Structure formats: structure tokens, C-alpha cells
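Attaching a single structure in C-alpha cells format; questions to follow.
As written, the chains take the letters A, B, C and D, and residue 1 is the first residue of each chain.
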Amino acid sequence: MSDVKKVVLAYSGGLDTSVIVKWLQETYNCEVVTFTADIGQGEEVEPARAKAQALGVKEIYIEDLREEFVRDYVFPMFRANTIYEGEYLLGTSIARPLIAKRLIEIANETGADAISHGATGKGNDQVRFELGGYALKPGVKVIAPWREWDLTSREKLMAYCEEHNIPVDFSNKKKKSPYSMDANLLHISYEGGILEDPWAEAEDDMWRWSVSPEAAPDTPTYVELTFEKGDIVAIDGEALKAHEVLEKLNKVGGDNGIGRLDIVENRYVGMKSRGCYETPGGTIMLRAHRAIESLTLDREEAHLKDQLMPKYAEVIYNGYWWSPERRMLQAAIDETQKNVSGVVRMKLYKGNATVVGRKSEQSLFDESIATFEDDAGAYNQKDAEGFIKLNALRLRIAAGKGRQQS
Amino acid sequence: MSDVKKVVLAYSGGLDTSVIVKWLQETYNCEVVTFTADIGQGEEVEPARAKAQALGVKEIYIEDLREEFVRDYVFPMFRANTIYEGEYLLGTSIARPLIAKRLIEIANETGADAISHGATGKGNDQVRFELGGYALKPGVKVIAPWREWDLTSREKLMAYCEEHNIPVDFSNKKKKSPYSMDANLLHISYEGGILEDPWAEAEDDMWRWSVSPEAAPDTPTYVELTFEKGDIVAIDGEALKAHEVLEKLNKVGGDNGIGRLDIVENRYVGMKSRGCYETPGGTIMLRAHRAIESLTLDREEAHLKDQLMPKYAEVIYNGYWWSPERRMLQAAIDETQKNVSGVVRMKLYKGNATVVGRKSEQSLFDESIATFEDDAGAYNQKDAEGFIKLNALRLRIAAGKGRQQS
Amino acid sequence: MSDVKKVVLAYSGGLDTSVIVKWLQETYNCEVVTFTADIGQGEEVEPARAKAQALGVKEIYIEDLREEFVRDYVFPMFRANTIYEGEYLLGTSIARPLIAKRLIEIANETGADAISHGATGKGNDQVRFELGGYALKPGVKVIAPWREWDLTSREKLMAYCEEHNIPVDFSNKKKKSPYSMDANLLHISYEGGILEDPWAEAEDDMWRWSVSPEAAPDTPTYVELTFEKGDIVAIDGEALKAHEVLEKLNKVGGDNGIGRLDIVENRYVGMKSRGCYETPGGTIMLRAHRAIESLTLDREEAHLKDQLMPKYAEVIYNGYWWSPERRMLQAAIDETQKNVSGVVRMKLYKGNATVVGRKSEQSLFDESIATFEDDAGAYNQKDAEGFIKLNALRLRIAAGKGRQQS
Amino acid sequence: MSDVKKVVLAYSGGLDTSVIVKWLQETYNCEVVTFTADIGQGEEVEPARAKAQALGVKEIYIEDLREEFVRDYVFPMFRANTIYEGEYLLGTSIARPLIAKRLIEIANETGADAISHGATGKGNDQVRFELGGYALKPGVKVIAPWREWDLTSREKLMAYCEEHNIPVDFSNKKKKSPYSMDANLLHISYEGGILEDPWAEAEDDMWRWSVSPEAAPDTPTYVELTFEKGDIVAIDGEALKAHEVLEKLNKVGGDNGIGRLDIVENRYVGMKSRGCYETPGGTIMLRAHRAIESLTLDREEAHLKDQLMPKYAEVIYNGYWWSPERRMLQAAIDETQKNVSGVVRMKLYKGNATVVGRKSEQSLFDESIATFEDDAGAYNQKDAEGFIKLNALRLRIAAGKGRQQS
């Protein structure tokens, strides 16, 4: 374990990663560089500086990555209407590639030969961090303390803190929650505690980002979302940066009780787990994006996107953002978004995010053809006969030969 | 046009299909057999008998197909979590194959050589009726009056009625609505009128099956849905037939403002159209089915189902229920449903159908492995290192050779 | 039929299209522009000029499109290892989009409002020409004489020629063959005649571009093909243009009895047909391209390409080259070809095109890892245990719960 | 290591697995049960008995599994026209599930708590054996000596033999070959040696099952293969068992130089490797199966099969035969094979396996429709206009709105 000289740690400033700083210093006898990022988790990142200093860290990186996160990761993912297993909007998954990338870049800047993280050996996040790390710096050493050490209970962690003089007030906040949580601009997640019984309903005071539908206002809120090439660029006519879009939608969505989700999902490491998520802005974005696509995408590209999406979601969920297959899928997806521009009007009300209107200069909706009224010859109904006849030909031939018909 | 001797008509009893009866008799100088089915559209079917008799029809079929419809068409489709273009639950599409099948069976019983329907030349329904017809009786003659006649406006239809002594009160009810509507146990649909402008919000008095979320009760309703091999067999512990399940869920869903949908969709004939749908029961079923699958399906079969679903939805939407590709996909889907049994608990509240619990004797959720607490060795976290290392190997090799990394 | 003023005809110079010139002039009372292209069919195109002039055509386009055809259509298609229904290399399909594009461009240049072609109403080519035409000029009028006229037998055509003074020697050459043939740089095809019985073996004198394996040389020929970004750019070290590559491979392939194919295929219009094809160069290219990809593509992008290929082939076969779905798929495919560079060595011998070596500076083959000998720690075999354990986890959990195991 | 009481070993009788017997006995101090199967590898299995006895083994299983192997594994796989990465017929992959199943069954019969195999830690076979083992007996202990021991060179193995009195003549035969080989009724494979350089051509004396095309007879051999529901049941009219079919086709194929393959493939463990394969019978079967399907399958089910095949191949290659996703795909595949019956005539000549005729009572080829001659109205060419017009509609609308056209 002596061959690690310097390690860059994804440092939250919380108890667990503070213990890791110390443990890395002791176990590997190496220098630790901390990296703390604001990706919209809703907690100050600056306090991490003093904590790291107190632990003897000399190189401390604290960064605001909110815009990069939303613009380069969240938005590209939403262009595909990405959902994992029919429900999950991938809020945790999509933040990991950016963290992995910065860990490696900082390793390169500081001459570190290793990276480390605080994810457990049971979850998906270790995979996402490490696949990203290996893809971007193939010779990097990865240290995953939770897979190595014997601090396998809260008691042992506390004992370690006491022994090593790590101030435990670090952990106060977290201790109040019985849940394992993760947050960024796209979502906040909850696991563990009573959620480990999939039959048990989540307690209402667990949720942090949204009011319950019951507690939401009795009158609806309407928003108009302007898309350009598949991304939202303005809300109610006001131009916004990517992360501002999401912040604003999180606010208005959360206020209206939108975006709560309670699911059992399949982890890449092979087990099922139960998680609850709040994704207020993402829930609105997904619906709105589908709506603007419904006007502006060709049918066949839309269907092909739908067929590719589950694979794309799996790639991201499993941690392969930095992979050739993700780039390949992204190329296909982005190719379709050139004309995905226009405005979607949504009604937000007590948990419901409902599309009530959409318009676009790129619209392929042709009222003169679709109309039930006289279309002045725009569409020749007689064409339908030949269309049906030839589409039926293979079925008729088969039936004529006595093939199974029902 | 003299070569048709007898034609079986899908007869609703309404104005349009009454005109068609007369028009067929006159134009083709043939006998007309009427077929009217109760598939849960919410209107009496028995009155169609007197109307048909008044038009001189001798062979009149009036049938209650509700159970067959839900059991053999709706339920199999829901096993795949089927959604068209991310939103549409295929309420109209799934009723057509059954109608087509009965038209052909009645043609065989009555010695008819043709079938007819009242669908327009612009829509999907003509395709669905006719593909079904041809697949089940390859030599059948199909008559689609809307593609043939010149009664292209309401005025001309009325004039035809007067001229041929068809009582126009037939049409009273429909005339009240500016929308083209279609209903069965799975849904009611609305097209036309102001909906032809996709920016215009649907008027609240258009909706017929559900109250608005605003008008729904202020307290939630909980239901427990029991699944067996992928289908719901009981609600709140009460065993029900398939169509009773859907009736009951429509009622409780509609009462709670659930299942309204407003979309622009791509028709098989090549145009976009805007439609509004109410699918209260189906909306609940879909969510619940995903929830019971989340406990009982293996990850890889679940993902494969998700990848196949858009194709399966397209097959049904386009009218290919009676096709080898649908049977092939169904075989794959049904193979996965053997263990999809258990109970899902849902909370219905002002438009929201939320899963709050799920349990199953077939559950693959293993709390002893998933737990954040001590798992007593059920899962060896060290396995994750090798898992990640080998999954990363191809990425590391590529990066080591200088391949693009971001 | 009086509303067509000028029509651009895909004119081969043969009997059928010569009749079409006259028939268009007479039937539509319009001006005819002829367009004749050399796409490597192996017949002189210049003679078409005099024939067109003799028919009174004033605007005559004769063009050498061989390079454009191979570079912009054949090569992009081969990047996907495209095969239709497991066997067919799409030789006819891939030539149609280019013809359609030039027809429309010439229509735009000459102010023509219609295009016309000599394809029958039973085949795929009409679809390919017309879909291309409509996609590139939505208001164009398409005239498909074979679907309109009553010249439905050779006798009637001959009578028409005599009546209209069209020199029948035009047809001498074709008359010698009992087959319907089509040729371009990628292939020559045969349909009809005794091939209409799928049990009947093709006669040996039908084949025109290749010797039989029996007649091929008794010693093998070796070629080295240099790829750059997925396309062949040199043969045996000699840099060549795209169409020269294909010409050369056709020659050496045909000389060695390579590329004959005899299949029953499914046409887009709904029927099965039997066709024989000679694709000497294409057969070599496909194998070689797979070989260079086997060294240079990442596994997952390679597998994804394989999964998308059948759809891509279907899109091209059905005539949707000029469609958003083709562009979307092409974007994905081209994204993967950036590193598909290197050299493939092939042995050609009596019908066999065998890869015997491949090398690349972009190779991802890592001998130090793959070796059966001592790898000096490049690969840690112990990683495999964790890899297998976690991949097995879902299966073990299911088996532990008594799930079906075989 | 003391917790293993009895282990079932996949025992070939060769040097490596003989060493493993001794090593297991020593290292785990446990009883070893040997299992040796004839799956058509072309070597006597009975001699393994004496060798095992000499090593002190008391429970010795020697079985002829050839029929089960071909009937229940090879044939189902060929129904899907399964090819991995465009080239490989999965000869090794498909034999592993059967071995794994018998290992587990024997473990259950003999009360063993572990299984063991002689596959290395770098290859796919370890994965296939172990995934199968875990899927069929979730609590089984798997011992993979090559991942555990330090006998990492031939010299160390020899020293171990000497030390433990294991007769080295066991290894004589294998020592003659510089290649790592594996064989069963479907194929024989070669890896290692000079093949580790992908540019080097395989030496001609490496190949064991087939003559070179050059050495094959100068006159072709014709065979007629009778299919029933997707499987070959007779050759030249003679009814045969599944394994007899493959034996016979291997003979006639090998005699005609058919089935040699030289590829670089992507292993599941993340590296590329170069392998050479001889699959004479399989190569013929694949072609023939496609041919009988070309007559008897509907177009859309055929295309869907082609789209699913790469996934199905990956599932088998990666070792997931005993998985829900394989069963799901198999259900879809088998559903399509009900009518895949008939006769295919093939010409075998110097490496070429060419389809020259196919016939079937289930044929969907309709000569009366497909004919270039007068079809007596079986097909109405005018239908094609409407077919094309409506298929073009979406493209025309898009072009009319100024969308990108090329």
C-alpha cells in the first residue's frame, strides 16, 4: 500500500469523507487532495475548506460546477427523454461522470496517482466513479475505502473519529436523517431506513424538496418553456442559463408537489433496492421535451429514439458515460434535435405537470391535412386503400396459405 | 360494384353508420348484416336493434364483448407496459382487433363476402379494421364508404338522410359535441374542434369520464391491486373478472381526476394529429404493473421488455395485432410474466396515481443483501473491485492507446 | 393529365424507357428531359444521347456519377456492415437515392414539375425513386408509366414501337436475356425467368460478372486493403478513389469466383421474390471492413452497431435513404468509424474471400493482456472472481427464491 | 479452505485437469468427483476412467451427451441464425451450459458442495461455467484453480506432476500442438501461438477438421437438407437424429473445405483475442436455415429476429444461457419456427456452401404474385401509388416546411 503518493478525494465535508481523509493519510501514508463541488446539492461547499485544512490537507479544490453539470450532462441526457426502468430520471447517475472527470483532471494537475471516493461496495456509484476514472486515466489507482476498511458500522466510525480527533459535529446533520441521501440540481434521493421494506409507505417528513400534493396551492401555476435544439433556454420568456432553468423549475415544481417518486430499481451490481426521489424540475422538463418533440420530430426518428432510449439509460445508469457506446448514442440523439425548438405551455397543480399547449416554427403538424373538416385536397383519402392493401399483402398471402390467424 | 352479395357492417347505431347501411344497400345492391358490440363505450347497444330493423336489416348481431376485450386484448397489452410515443395508452388501437375478428367471424357465419366500417380515410382505424380483416380472411372485400362516397360534409349527410328517410334524431347526442369521440372500457378519446390547434388548451367541459384534479376529493383514496401472472385479479382483496377490474378502476380513477392526457401523435398514415384521452383505469394499471414487475422481474428481462416495448406499441398502434410479429413479441412478453404476482398499494389523489407499496411471494428484492446495515456476509463488497476492473478493461485499453476520452 | 409541363425521366437508352419518352410526350403532352447516368452498370451511356435526340428530346443529361455513387452512398452504407435479411448487400437499393436526387436537381434546373421512371408497380424501385423524389421536392408530380399504361406485355410494347416509329434494335441486347437485370458498380442482379421457381438452380450462363468457383484460378490471389475511417483508400498500397477501389475489387473478385448470391427476399410491397446477385467487390469489402473493425472498434459500440444494422438495412432497402431516420442512424455509425483505420490482408480463392491478417495503429488488441503466456501482471486473474460473482448475483437470488432454472 | 467436502470437476482426462484433481484433493482436503462427457470432441472419453481411478477418484461420471448437446443447445441456437460479431458461430459458448448443468446435477446426486473446472481466469469459459453453476445451484462453491494456484507455467505444472506422481504421458498429444484448442460436435477452436499476432496467417497444418479449399475435391457435392420447425431432421431424405445430422454435415463440410474462420473477437472479460475455428456442419446449417426461413417466414418476424439476434448471441457468448433473458428470447424465436419446414438444396465446393434451391409446403413465396409475367390480377399495381404516397407523407410535409433534405 506504499505505492500511492498522492490521492484526490471526492470530499463532501461530511463525516464519512472526513474519516476517509484521515484513513487515506494513515493507511497509504500519502498526501490527500480534496475536491468539493457545488452541483446544486443545496449545501454550502465553502465550509469544506476549513474542515479539510483541519485534517491537514494542503491542496483543496472547491468549485461551482452547476452550469457545467446541467449544460453538459443533464441537458444532453434529457434530449433522449431518458428514463431508467420506466420511472427513474437518473438524478444520481448523471452527476457522477462530471465528478469523475474533475477528479482525474485534478489528479493530472496535482500529479496525483490515485483517486478515492466515499461510495459503498454495494451500490452503483462506486462503479460510476471508477469506470469514469479508468476511462479517462487508464493507469490511475482507485481507492475505495468502504471496500477495504473495517469501519463497517457507525460505532466503529465514531470510535475512529474519537481516536483520530475528527470533530464529530461534522455528522450532526446527517444523523438526524435515518435515510441515505444524495442531492444535486436534478434530484434528491433517499434510501435505507424503513424504505428497505418495499411495502412500507415513505413517511411524509422524509421529503425535503417538495411539498406534498395535498399541501400544494389550490390554484394551478402555468409556465411556458422555450426550447432551442432540444434544450430549455427560457422560462416564461426570460432567457436563462442551463442551471438557472433547472433551479427555477425545481422551485416551481417543488412548490406544486411535483416530482416525487417511490420505486424498486435494479442496481448494476445485481441486487434490487428501493429508493425515493424528488425530481421536480426534471419531471417537468421530461414532459415538456416530449411535447415539443411531438410537434417537431419526424415519426420514424421519434420511434427510433424511443427504441434506443432504454439502452442509453442503462449505459448512463451503469456508469458508462465516458464510453464509445454513449458517444455513439449521443450522436444519434443530437442529430435529431436540430429542429426541436418552440414553446410548451404547462399547467402545474398538486403533483400534476400537464402539457396544455405547444407551438413551434419547426412544427410538422399540418392542420390543413389533419383536419376533420374539408382539407381542400391536401390529402387524398383514396391513397389509403393502396396503402392498406400493400401493407396487408404479406398477411393475406399467409392467411391464404392457411397460416395461423389468431 | 355488383359483386358484393352480403356485407357485415360495424354498426354503432349512430347517424353515420346508419347512413352507411342505406348507402351500402343502394350502392352495392347487397344485403347488410349489422354488428354492434358493447366494449364498454358507456352507451346502450340494444337500441341499435330497432334502428337496424328500421333500415331493413335482417341479420343483426348485438354482443357484450367487454370481458373478452379486457381479458384477451387489454390485459395482454398491459403486460408489456405498452405506451405509444411515450404517452398514449392505445385505448382506441386495442379495441379494433376484436371488432375486426368478430366482423370476419360473422361474415363466415352469415356467408357474407364483405365487411364495412365507418372510419375515415385519414385515420388509423381504417387501417386497423382492414389489416385485421385481411389477415383473418384474405379474400374478403372491404368497403370503406368514407373513402368512396361524396357525402363529405355534414350537410350532405343530412340531405342524404332526409332523402332516404333516415331519422336524424340518431345524431342528436353526437351533435352536441364539437369533438370526434371514441370510447371503450379502456378510454374515451377526443379529436377535432379547437383541438386542431395544438397550442389551444382543451376546454374543461370536454372531458367526460373524469373530474378535473381541482374538482377531485381533498382526501386520497388508497387501493390494493392483486396481480397474478401479470394481470390484475382482485382489488382490495375482492376477486374480479377482467372487465370488472377495469370498470372499477375507471370509476375510482375518474373520481380522483386521474388519466387525462393531451398529446400530438404520429398517425400511421403519415400525419400528426392532436388528441385528448381519458384513461383512468389504464393509467393506474400501468403504474401498478410496473411496480409489481419491479419486485418480481429479473433485471435483464425487464430491460429487454423495455427495449421491445416501443416496437410492440407501434405494431398495435399501426393495426398489426393479427400478425406474426405481434405473436412473436407476445410470446416473449408472456414468458416473463409467470412470476409477476403480488400486491401493489396505490394512492389516488387529484390526478396522481402513486405507488406507495408493493409486496410479493415471488419477490426478488432481498433485504438481507440490499441493506445499508450489516448484511452478515450476504454480499462481499470486495467482489465489486473485480467487477469494476474487468468492466473497465476495454475502456482502459482504449484510453491507454490514446483514444478520445471525452 | 394536362397539368404536367415538363418531366425528367430516368432514361437508360433501352427499349422500355424509350417507349416511356414517347408515351409521356403523347399522354401528358409535355416536354421530356432525359437523364442518363453512368453508375458503373458496364454499358456506354453516351449512345443514349442520339436515341433521346431521335425521340425529340431537347434537354439531355448524361453524367458520370461513379465516384459520387461509391463515395457518398456505397461507402457510408458499408461502414455499417449492412446486409438485408442476412444475405443481400443492397446493390440495387443503394443506387436509387442518387438517381432520385439527380432527377430532382435536374427538375429544379430545368423548371420541370414532374419526374418519371421505368420501374414496375410490383417492385421496390418505384418506392425508392418516389420516396426520394417526394422527400427532396415535396410538390413534385411522379409519373410511373408501368402503373398507368396498358402496355402490359412485350407484344403490346412492340406494337407501340412500331406504331410510333421507335427503333426496336434498342432492345436487342436485353432480349437475349430471359432475366430482368440491373447493374451498377456494386452489383448486377437477375430476376424472373426460371428463377421464379425457388427450387430451380440458376443456370451457369446467367452470371455475367464472375466466373464460377470451378472456373476460377487454381492459385489464390492475396490483396491488402487499407482503410481510413471506415473506407478503403488503397489496395496493395496504391491509393485509389472510391470508385476505383470498387472497380478493382470487382475485377479481382469476379476473376476468383467471388460474390455470387441466390436468395429469396421480402420486398417492401409485401411479396417474396427470388433474386440472384453478383457483388464481387462488395463481398470482399464487407469481410474486410468487419476485420478492420474487429481490431479497432470497442466491443460495445461494435455490438450496438450490429443491433442497429438490420434496421439501417431495412431503411435503405425500403427506400428511405433521404429520411431523418437514415441520417440519425448514419450519425451513430459514422461516430464509430473515426479509428477504423488499418490494413486487412485477404486471400481470394475460388469463391472464398478469407481474412488472413489485419493490423492497425489504432488497434485495441493488446497482445500483452490476451496472451496465454505470462502477462507480467497486465491482467489480474483474481478480478474475474468478483466479476463473475456480481454478474451472477441476480441469478443466484432468483434461484435461491426457487425460480425456474432450466 | 477446509469447508469444501466434495467437489465435482469437469475432467477431460488431460494433463491440466489431472493436475487439478490432485491439487483439489491436497488443497481442499476434499473428495473429487470427475465428470467427463462426450460432446463430440473427437477423443475417446472412456480412458478418462482409468486416469481418474489412478488419481484416487471414487465417483467417476463418463457420459455420452452428444444427442442432448445438439438437440437442446445447438439446434435452438441455430433457430435464431445466431452469429457473434458477424462471424463466430459460438461453438465453444454453446457447449458450456450443458456441462454446467451436468456438473450441478451430479453435485446434487453425489452430495457435493462445490464444482470446479480447468478454465483460465482470462477467458470466457470460466464465466460460462460459473454463471451456469450459480444459476442452477445458487449456494454452490466454485473452485477455479487457474485463478488460485501458482502453477502458472508449463514448467511448474510438470514439476507438480513429477512431485505428485502424475503420469505426464497424459499430455503428449496436446504438447504436439502449440495452440490452445477446444472441440465439440459444433466446432474446434485454436488460440495462442502465432495466432497472438493478428497479422500472421494461420499455418495450414493447424487445421484439423477440414481440408483446405485447395485440397478439396474438384467436383461439387450436393446435399438436400430437410427442416421441420426450424431443425434439420433429414439429409438427402434419410431421417437422422440431431447429433447425426451434425456429424454428417461436419464430415461432408470438412471434406469440401468448408467452415474455416479466422477472427479477432471481443471477450466478455474485456479484451480482444484472436481465434481460428472450424465449423463445417454449422456453416452449412446456418446458410440452409436462412434459406428455408426465406421461404417460410413472414417478413416482419424475420426482420425482428434479425434485430434480436445480436443480443441473443451476446447472451450466449457471455454465458447467460441459464437466464430469464435467454428464455425470453428463445420464446420469441421458437414462436416463429412453427412453419419453418421444407427442403434446402446446397452445393458444397472448395470452401463454398451455396444455396441453390429451396422448397416448402409452408412456402409464402407466391409465384402468381411475384411473376414478371401477367399475374391475372393477383396484384393491383395501382395500389402501389397510394402505398408510396402515404409512406411519403411525413417526408413531404417535412420538406414542405423546409427541413434538411440531404
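Following the convention adopted for this analysis, contacts are C-beta pairs under 8 Å (C-beta built on N, C-alpha and C of every residue); 3 or more make two chains touch, one makes a residue touch a chain.
Since this is a predicted model, take the numbers as computed values, not measurements.
The minimum number of touch steps linking chain B to chain C comes to 1. Homomeric contact chain A/chain B is classed as same-residue, with over half of its interface positions used by both copies.
Chain pair with the larger contact count among B-D and C-D is C-D, by C-beta pairs in contact. Here the CA centre of chain B is 42 Å from the CA centre of chain D. Mean C-alpha positions place chain C and chain D at a centre distance of 31 Å.
Multi-chain contact residues of chain B (touching two or more other chains) are listed as 266, 269-271, 298-300, 311, 323-324, 327, 363-364, 366, 369, 379, 382-385, 387, 390-395, 397-398, 403-404.
Considering their complex, residues 81, 85-87, 101, 120-122, 126-127, 130-131, 134-139, 142, 144, 146-147, 152-153, 180, 191-192, 196-202, 213-214, 218, 220, 260, 262-266, 269-274, 290-291, 294-295, 299, 302-303, 306-307, 310-311, 314, 322-324, 327, 345, 347, 349-352, 354-359, 363-367, 369-372, 374, 379, 381-385, 387-388, 391-392, 395-400, 403-406 of chain B touch chain A.
Residues 298-300, 338-339, 362-364, 366, 369, 379-380, 382-387, 389-391, 393-395, 397-398, 400-401, 403-404 of chain C are the ones that touch chain B when the two sit in their complex.
Interface of chain C with chain A (complex): residues 266, 269-271, 297-298, 300-301, 304-305, 311, 320, 323-325, 327-329, 331-332, 334-336, 390-394, 397.
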